[in-house]
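Consider the two complexes below, in which subunit A is the common component and subunit B and subunit C are the respective partners.
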Partner chain A sequence: MAIRKMYRILSIPLATSLCLLLTTGCWDRVEVNDLAIVTGAGFDLTDDNKIKLTIQIFDPGSSSESSTMGGSPSNERKQPLLESAVGLNTADAASKLQELLSRKFFWGQADIFVFGEKLAKHGIQDPMDFLTRHPHPRERANMYISKGNADSILQWEPHIERNSSEVLREMSALQSGLDIKLLDVIVQLGSDVHTTVIPWVSMKTSDNKPTPYLGGYASFQDLKLNHWYNQQKTRGLLWLRNEIMTATLTAKPGDDDPGVVSLQLLDTRCRLTPSIQGNKWRMKVTVTTKGDLVQSTSSMDVTKLENIEKLEDLFEGVITKRISSAVQTAQKSNTDVLLFAREYHRHYPKQYDTAKLNWKTIFPAIEVEYETEMTILRTGLIGKNTSLSKSRKEGEGP
Partner chain B sequence: MNDNKGLESILQMQRELLARPISTSLRSNTDVLRQLFENASDVVFHEFTIRNGPLALLVYIDGITDTKELERHVLAPLKTDGTDGELGWEAVIQRISVSSSQSVRTIQKAADELGAGNPLLLLEGQAVGAFFAIPFWQMRAIEEPQAETVVRGPREGFIETLHVNLSMIRRRLQTPAFKLKKLSIGRYTKTTCAIAYIEGVTDPNLVEEMERRLKDIDVDGIVDSNHIEEWIEDNPLSLFPQLQATERPDVVVSSLLEGRIALLVNGSPFSLIAPVTLLTLMQSSEDYYERSFVATGIRWLRLLISFIAILMPSIYVAVLSFHQEMIPTALLLTISKSREQIPFPALFEALLMEVTFEALREAGIRLPKQVGSAVSIVGALVIGQAAISAGIVSSPMIMVVAITGVASFLIPNYQLGLAIRLIRFPIMFCAGLLGLYGIVLAGVFIVVHMLSLRSFGVPYLSPLSPIQFEQFKDTLVRAPSWALNKRPHLTGSIWNKLRVRPHHSRLKKG
Partner chain C sequence: MEKKSRISAAQLCLLMYLASSGTGLMSSPSVAASFAGLDMWIAPFWGLIGGIACLWIMIQLHRLYPGQNLIQYAEAILGRIAGKAISFLFLFFVLFTTGYVIRQMTDFLSNSFFPRTPPLFLGVCIVFVCAAAVNSGIEVICRLPVLFFPFPILMMVVIFVPLFPDLKPVLPIFEHGILPSFWGGCALQLWYAVFCFATFYIPNVHNQDKLMRWSMLSPILLCLLLAATNWSITSILGDAASMYHYPFLVITRFVSFSEFFEHLESIVMMIWVVAFALRIMYGYYCAAVGLAQWLKLPDYRPLIWPVGMLLLLMSVWDIKTTQFAQFDSLVFPAFYALCGIGLPFLLLVAAWVRKGMTPASQHKTSNASASPQTQQAEQTK
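Right, the complex of A and B next:
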């Protein structure tokens, strides 16, 4: 009895394994040794309007580890392994690229996607479709627009990180506003106004060595590159979009004062209040921010309340200027990266519904008002700058 | 055919001899017993005449009967003082100063008592015999239990002699409510077993059920308590232990106080506790001897680590051969660097190392102590450095095997630990075939199996399923003993609920 039961129980795994023998073709196991791990990819447009796909592959290295007994993985830096291929579209380029490789290439760990300037101006629809449709690329990969060709960024050999992809990713992580993922781009492009911002990166020479740096936002209208925002305007944009965490502002307190004052912003909130009066579309931008004084070489006595108020006014002006310059640029290039459309959609859904078709004529004409409110919370560990400034007259301080 | 006939006649004769009653003729009784114990050189037949009395025969087995006691209290009074010319049974018995004696009327009973070490006295002209309970047990000293050591807690463990083990429990449970039911199992070994329980705390149906299952055992011999365990557990084909084997008297006593029953087996230092659940098997007696916060922390650690012991190699294999996108980039790159020169797929690598590890561990247990160190040196070299430098396995794999190995030692119940060690391998195969999906399938299979398990009617996963919040105090956490004011409800309607009288709880006083 028990033996019969045992046979019955044993027959289940036996039957299962016999069935499995027929399905060995379905087995999708891939060893790590058979993968070419893509750490970053670049997309460029060739002269004959084809897509050039460049991938940065991780080189697992020679037997350096296994030859030394129990040694740690070596820290030698190697030239990043780059492969590229040209195809009619991205998928075609990818399949051609696969022909060049001995290992199956694996998108799952790609940290960054870089679009070349030429491709960005022509339109990024082709690679975007591939990246969103294909199941492997991560939606949390960072997106960049390269000034120049995308492969030049991937090619660059960093000194401090593993590869250039890692460098860019870490740089973005430090500056949260410039941390734009593939998913963010998809979501933004899905809105009514079809705009998005992607950080741009270019090579800058410092100390005779080229180094990539993140310059700011590149705005996109209908998948086409539309405007490069510089660092200052990008800051303004970040304020508007409520994406700034901390920032340091520096300004001269007055024409007759030789010193400079710096302020670290701790908490910044921006509120957009739209209004429609007749035919006039208005937007009120309210910024409230708090900050600490981190440096002051001016002769101003920051322990006095009226001086603090003066400084607050000064920085309010700086912030307003930055934001307004970003707004003006956006309106001039007629790209609603300010998310104004979203605000109108929320507050005036009916009016927006009729207006959204000719948003392109409404958006540049929106009148924007600014109201900035700044509070300086602390003036630092030292109050008045007595010991450090020599030029101060005797007996001025208590 | 002839052999069979010969065997049949031998068995027939044994049965016939045993079935006889004790006759009035001492000569015929002697003949029967001599025939029965033919070729048993350790059986001593001592014929003598009682002073002023009848002819007598003393039979005992040398080595398991206390001969000094026998000579002083049985032989000496009968031979030197004797009776006052009376031939009657009563007169003889009165001369003997042994506290425990009983009469026997059948050869079967007489043979059983002889086997238990009790000397038998037969008289001429009497159809009855007497035996005296003066057995002599050669036993080892009480030592610290080897398999269940604690830092704080009692250091005595059961030994192979039943009555010593029972005395250890009795010393801790001095109430008359502590009951012992003795019975013997095994046609040849006649192993004495004792069911221990506390009347009024234990569900009587539980005791009855245990008795019923024990009586169903039909076997020639019981050598260890595991033989009984295999006969009485609810699901004999399950991988998981459904009775708790312990060699600690304190564990038995605290289980009895919870309303469980214990089965002690002569010849085995391991007693069996029933019913048990998975979570009670995950508890160590030391949990109750340390401060409750510490004990709770250790319990959680143990639960966490047991998941690692079951799943870690499987998850490593699954993730590495199916879900490379799940690994953090930096880690994947490191792994891929160290795996670069490895010729085997991850599944094979894992199996190779796990099997090697299990083999080394088994070798370490079986080897004599003098050779043991050699094994550990070779093991450390094989598992550690040589395998990596030879490029056969990668160093992350060694890490995984080592952590899994350490993790499996954390499971306090050895039988459960063995089950978990074994179950790792099928899960590893599932992981190698189907990835995480395979692990989930195997996990579902195991959980469903455990849900269907019962230990003497108690669901194996209780109090997690069916959920019993009251018992979480002594499963997921270990509440202080004043807070453990209720006994677990195991089976049946009889439930002596309160361990602490309500007004005595320190919880109330704050």
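Right, the complex of A and C next:
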């Protein structure tokens, strides 16, 4: 057939021209040595309300040297590679920053994003939109608020890990509750109450050198920082949000008892049960927890069941106190970081639908009841520590 | 037409399922979320009605006209001119939706992974691959999903298993009544209506007795997949789900196996491109065969390149970006449902009327290979 022949003849130049297309290569080809790999980024607010973006760049030269010259440790450590630029918003600052670099920067490996205190109080919508919209920053990056400027955290040079971003990420992973990812913040902000919590970090001097320290949560209302939660209250929050994994509680058993008792919690579960009676909104917080005794210098005989029950009551009180202090702070600052709104939404969708518009007047008035159930499972390798109590008796003599 | 190429009902089931699951996973969650909110995981069950109706109509039509597809029996049912017009509309639907899928793919790839590669180049690449598959015939097209079937399963396992601890029941159900999820289901006809492409494959199925069972399985599988995906998306992203264009991509980026296996989105993208390619060749073959029959050509193969060009044209034709097109309005789903379900239903009604009017002896010969059920039904008439 003539048509078929024509088709065949025509297909040869067509096929060759298609091969030509392949020689142009891929437009989005990226070589690793053309990339400045961002390991952490800080966002600050300048005095004239502009955004200052600071990035910590992975320095491939220094890390490969230190690994090959493992035998001869050099005392002078290189400062981490930091670059910063100021712009109208984050994207503008990023483009200004690019002008300072010989390599294109790459967000895909950024482990942490730090917001400076001033920016956090002013509002975090600018960097949050950038981080959500841009396809490169990863949803698994950790978020922090820095007391002071964000770049002071990034600047710090650690001794064990590669850089400060790595240190913070590992610290967060250990204290699982303070592990707030970018996606967590986005999801929390997306809810009706429009609040979120982000862990805060500050530099603390330990043994004459500064060390970053995760202090607790900072809560946000309407994208603005409105309260710092200290370590104790953060613990209370973590219990409520069911994010606590392990914790050590320490308490004095009684006024006449000189010793203290410590308990390691193994398994903690918290359940929120909302109820609405007439106009009264109530929330019942039920905590069930199990723990092991890890230290006891009290004179109490922990092998006796009634003493164990006494200790259980004691620690139930401690837990209730911590949770209630977190709840009181949240209600006082009128920031629903306790996820109460979500519980009402789940169980009372109709009432919540009308209430969510004036949640700010309802939330502080919610009556919270606590019910704590604690079980001490084991007392460690020993029961009553007779070797110590004897020596104490002899010491008390003269 | 070559009558010797034969496929099995199971292969067709897999093809239809995989072809719609790729695009379904990518953009159906945000479509469902924009209508149904927290009820987005219920929406696929409403949509399922459309998918099942669509396949049932196609199979009934095929029982009345065995060995023919919609383009062929449209003329027999409605006469020459009306039949040609209806089948032209149907062909346009096939071409347009497949071109639209190419556009979705190129937009997704250039938005998330290749910002600097010209989108048309990505489109040309995929059309080229699909043209090669369509050129090899229906048997190859139907074997490809069998070959690739394990990979999407693997992807599901890799993504859903690490997310398992984060999953929780989505409450409240039917917060704003039953309607939001129903409209979400209507919007999902963007995927369920596409099952009507089966009309071009059904005549080649050799085990017609199992056809009904297998083809019903396909929309059910799709429904379960979408429901599971939407459920995990709502329980992880909450109210933020409707904000994202590609919520499923976000949750895959969030997957982490003990800090060890991260950045899974590259694997997801790989499997996604395979699913997209299957979807495009699924429609491409229909367009080529349909156009050949519409023009009364003996073979569809000379039309493969022109149809490919048409598909590429459709993919850039008057669509600024796919991101704005399908949210918040039922215009697109209505078009899909009208062409994919409404039009075949019209044909079926017309065929029933026609068969009822003509004497039974006349079409008895044409119905020789039809299933005993229809024959029985006709004998009672």
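Convention: the second predicted complex is superposed on the first by the 348 of 398 C-alpha atoms of A that agree within 3 Å, B and C clash if a C-alpha of one lies under 4 Å from a C-alpha of the other, contacts with A are read in each partner's own complex, and residues count from 1 in each chain.
FYI, a residue touches a chain if its C-beta (ideal position, glycine included) is under 8 Å from a C-beta of that chain, and two chains touch if they have at least 3 such contacts.
Everything quoted here is computed from the prediction, not taken from an experiment.
Visitor: Go through the superposed model and pick first if A:His159 touches only subunit B, second if only subunit C, both, or neither.
Guide: neither
Visitor: By the touch definition at the top of the document, which applies to A:Gly190: first (subunit B), second (subunit C), both, or neither?
Guide: It touches subunit C, and subunit B stays clear.
Visitor: Quick check on the superposed pair: does A:Arg8 touch subunit B, subunit C, both, or neither? Answer first, second, both or neither.
Guide: neither
Visitor: One more residue to check, A:Arg138. First (subunit B), second (subunit C), both or neither?
Guide: both
Visitor: Touching A:Arg346 in the superposition: subunit B (first), subunit C (second), both, neither?
Guide: A:Arg346: touches subunit C, not subunit B.
Visitor: Just checking: does A:Leu18 make contact with subunit B only, subunit C only, both, or neither of them? Give me first, second, both or neither.
Guide: A:Leu18 sits against subunit C, while subunit B stays out of touch.
Visitor: If you lay the two complexes on top of each other, which residues of subunit A touch subunit B in one and subunit C in the other?
Guide: 27-28, 108, 138
Visitor: For subunit A, which residues count as touching subunit C in their complex?
Guide: 3, 7, 18, 21, 26-28, 108, 132, 135, 138-140, 173, 181, 183, 186-187, 189-192, 345-347, 349, 353
Visitor: What part of subunit C is in contact with subunit A in the complex they form?
Guide: 111-118, 121, 124, 128, 171-172, 175, 236-240, 243, 250, 253-254, 256, 259, 262-263, 302
Visitor: Taking the complex as given, what residues does subunit B use to touch subunit A?
Guide: Per the touch definition, subunit B meets subunit A at residues 236-237, 320-322, 324-325, 329-330, 332-342, 345-346, 384-385, 388-389, 391, 395, 432-433, 435.
Visitor: Which residues of subunit A touch subunit B once you look at their complex with the stated criterion?
Guide: Checking each residue of subunit A against subunit B gives 2, 5-6, 9, 20, 27-33, 35, 37, 39, 58, 60-63, 65-67, 69-70, 73, 106, 108-109, 111, 136, 138, 162.
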